[in-house]
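Paired with chain B in one complex and with chain C in the other, chain A is shared by the two complexes that follow.
Right, the complex of A and B next:
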């Protein structure tokens, strides 16, 4: 995996180009020791996979499980959001298209599982390699096939919505995506009687979804390592599954960034007109960004739906789009490591952190009245985070050097996102 | 394709109008009434967009805070500041809280106080947001202040949540309720009329301000070219603040009317209503004042016909589809957009 290590982009010529000395010496050390290039990612991957043994229980559980509240559920949710953030990073970070309706793809992915992996269409009886214990009514494809299908459905939806709208200028595009993100859950909510057919389960949603699994053959062939089917008691396989998907996402993100398409995205982001003049096909480039971002949203949606074993239209609100956007912005648009860090931080705050901080404040500070429900005001807090980031550090906490240079330019008429039709 | 769609919608409307004319009239009147509230909010969007090309997401939530202010004035009989106890606020002689049984003199007094203080309140909020959040980002790429506006929208929403709590906030109906006219099944009552009766003078005043006064001239100049107008001696910062003040006042007025007319408000109503109003502004042609009013009324009618003759569940989908369709097929709206040139 070639990380930032192999990709020393030219230094920003802006006013903030000075580097602290420890960072410089670390860079030198890293350059001299080539083995670090694969050793560091490997160590992080091993650490991540073994988290259930050192974080959930064992030596450090008092910090991570008890102190920070990262239990199995939270861990899984955080991983799903990291995936979502990485997907949105392709659209917002790489291609510079503000997408305020990313939740639509998350929802679409989840409902794809509802269509092809549940008893929603109970009059049908279609089965393909599913791992349910009994032959259930409805359409039941193999979970892994459904995940891929979810990606395909989302990519198709992304192209469908992107094709007419991507030529709009930046802020209009943001509004259109926002509208799309409102329409999709609304259609799912009302989809229980479209021309007399129940397509989405309406407000009651879809429950009893298929779970991932490898079936008896693979289970026996690997000596019982791969589970026949995941369940709600043993949550570690869920975490490892989403972790593998996350690694695939990161890998694809990295390869895309360094590909011809990735360079085209950056060119479009920095100056559309110049990029177009240099022969970058604007529409196709943007559509690819949109479709690829959508695919990851779909993957995450399918796995998430299966994990919580129920999909409801109310679960896919505008707030989710904003939270994922906050992750990308806080971490640093366009920089994978920044986005991952931002996503972990913000999703932790979202699921447990604010609760925990509230507990600490209420328990630790005498006279606070012991009733400050911080978690209740999380959207105000995230909103404040957005404002503060935009005012003081628009490039994010861990920006890519290229992005930083873009913001440091500070031109009044910069055409970063601007194009008129 | 557009012509086919329009013909289909026209046929559907005429069919409904012939089948039940009284119901059609009633739905139309509801649409016009709601539409004028949208128009007021849409004007705030369009003013701000017309001058600095920013979709002020916080505008809808500002409107919500205005409706909360009105709610407080009617229920508690005094001007309120969020996070401060009522007793902290300077005693404004509003008298006792108004109820449905108050004397008509007190009702009129309370309605006027609601309008005035909600407008003032939202004006202050809007100008403060502009000073804190948007002004330092004026040189940044366009999406940076847009994201900031989104952040402010969430902040204002939580201000409302902390201020009044999560539930719906009811207030007594103090608008007159008598019937103006009655035609078969349809009735038009005074409270419907008052919504329009408040909206139209505000529009007239606004149009006068923008078209005839010096500040209005400065606004139009700034909207056309910020640099050139600053070279001509126009105080651009003050002009933009003035625009935000006007927009805030309109949001406050809309909030007051909404609260008085609908009779209940909620902390999260600003987001949806704000987006609908933005749709109205785009529909009419963003930056275009008459366009915003027209767009508001048209959107109100679209919503009313959807809810009256089809299914209220699909309102959101219909309105946002209209938004997307307009942006894709005719981004300049019905009357044409008026935005800064040469950017």
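Right, the complex of A and C next:
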């Protein structure tokens, strides 16, 4: 985690100086105009929420939408991954704990929905504010309760796993979390007869999951604005729901970053021994990071499982852990806006961009035979992207000023004399 | 002995630390009277820093115990020792380099402010007030330690002398009764050292803080210490007033070697 990662790109003084002066004047402008502090985020939020009106048709539609239906709704997937990346950012970016098994919490969140919002336990008949059209067998809690429950289950699991493992440092922690990320999907795969009970549906997974919804009462009370239950034909409520959850995630991230706990995370990342000598309890601080990261993973998992209406052990592979980590690193570890940008870029490439680029190449280059499947080389491309990033911009696309300082080793460290004395 | 009747803020009883076959600290008895400035000296490798690490909870002693402010603390983790009122600086500066000076100080207030995850997320009025107070106090401490106006500088961009000052400011932020300074004047020029000596005296006078000092610079040690303890090969070889120590045969021997071997 320290700053010796590779060579710095050579710094050309000319163009760099102009960008920084441009940035400085922008910063000054922003300071002088306080209203920009809320106007810019508000504009972005409005733009994002109104996307279904301006983005699905017209010149921008090709970016996200391919009109093929539910599994291909790129924007929804992107939002899920933004949530995952923000959750992992707490663990990796703030507290500096390399977690290679983050997918475990994503899976656990999804399976929580399987347990409390599907017909998996069909011999039970427990209902609580669910919005299904008929009274289905199984446990059916209100979807929103299940989402919160998924967060709680993941937080608990995070603490349970973190308790023994967070004593390890650096590489050792990475290896243990890697193992954990492999074990959890395996447990779900083989969980169809634990002591004679089918707990996970085994390789067949869980299907027919409950959908979010607000029920008849709220539907009528709001004049039909809030849908009774979401369906797979009308995708806009799904998109807005995940946007709201994303906003909550961002909000919590921001608030915690600037809190006592956020400072303690960074201190632990910087120097564990000094941090504990200054009164920071190491275990508790790390466990909080782990638990909060896990909660967001759980939220994302529950919504995602409901959206694709099926949870399968094969859907939670190591690749997801890696790709979320790549998002965090490419975007700029520790900086929320960087992580969001990184997550959007990488998940867009993953779900849509590489296909689109492939189409352009196949359509645009005569004699290419129209059959280069770019998406097949996805991991090669991501690997290459990561290498290029590490060489030329190791601090990420939009780094925090702290992270930037970290990589600018040697610029300010060697003060030869004390100017003030 | 200074203030024979005063209460001891810290007592180490027969403290022993072994690393495998090596005895780093050998059954050392040691007391710090409240309100005093005590120095711990000794040649390189004498076990001074190891002893420090035992007092602050980084190491658990192999045998013996440490009593701080009337309560046994050996075996407690460092953050609990800090919460009880003991703070330290490090021989090789260990600031949080990529945090600002202000943030460094704020981190050290960890055990003194309540925070709370829920209160932080919702940023309750009480929490806001607490944060503001903490920042205000941090600024005061930085100014007191000779770093006014450097709040937003990254620790690693401070000059060496300022980094030393920041380490002290950070330690003070945890509101200690006992401050442990590990070679604070290392690398300072004579003028900075003199300033620093004044600063330590001021600390005791204004903040009522007891100080334990590991130091190599004899001018500092002899100038401000009430008592001096000398370690050599993990054993306490002398203890007393600075003047006594200066003329102690065994101390001279430890530092300069005996006539026979010289």
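To be clear about the criterion, the second predicted complex is superposed on the first by the 372 of 421 C-alpha atoms of A that agree within 3 Å, B and C clash if a C-alpha of one lies under 4 Å from a C-alpha of the other, contacts with A are read in each partner's own complex, and residues count from 1 in each chain.
As a convention for this text, a contact is a pair of C-beta atoms (placed from the backbone, for glycine too) under 8 Å apart; a residue touches a chain by one contact, two chains touch by 3 or more.
Nothing here was measured: the structure is a model prediction, and the numbers come from that model.
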First (chain B), second (chain C), both or neither touched by A:357: neither
First (chain B), second (chain C), both or neither touched by A:190: first
Which superposed partner A:148 touches (first chain B, second chain C, both, neither): neither
Contacts of A:256 with chain B and chain C, given as first, second, both or neither: second
First (chain B), second (chain C), both or neither touched by A:318: first
Partner chain in contact with A:377 - chain B first, chain C second, else both or neither: first
First, second, both or neither for A:402, with chain B first and chain C second: second
Of chain C and chain B, partner touching more chain A residues: B
Which superposed partner A:264 touches (first chain B, second chain C, both, neither): second
Where chain A meets both chain C and chain B, residue numbers: 412-413, 417-418, 421
Residue ranges of chain A touching chain C (in the complex, touch as defined): 251-252, 255-256, 259-264, 266-267, 270-271, 273-282, 288, 292, 402-403, 405-406, 412-413, 415, 417-421
Chain B residues touching chain A - in the complex, by the definition given at the top: 53-55, 133, 136-148, 150-155, 157-159, 161-162, 271, 275, 278, 282, 311, 313-314, 316-317, 320-321, 323-324, 327-328, 331, 343
Touching residues on chain C, where the partner in the complex is chain A: 56, 58, 77-80, 82-83, 87-88, 90, 94-99, 103, 106-113, 115, 117, 120-123, 154, 156-162, 170-171, 173-174, 191-192
In the complex, chain A residues that touch chain B: 96, 98, 100, 164-165, 168, 170-172, 174-176, 178-180, 182-183, 186-187, 189-190, 318, 322, 325, 329, 376-377, 379-387, 390-391, 394, 407, 410-414, 416-418, 421
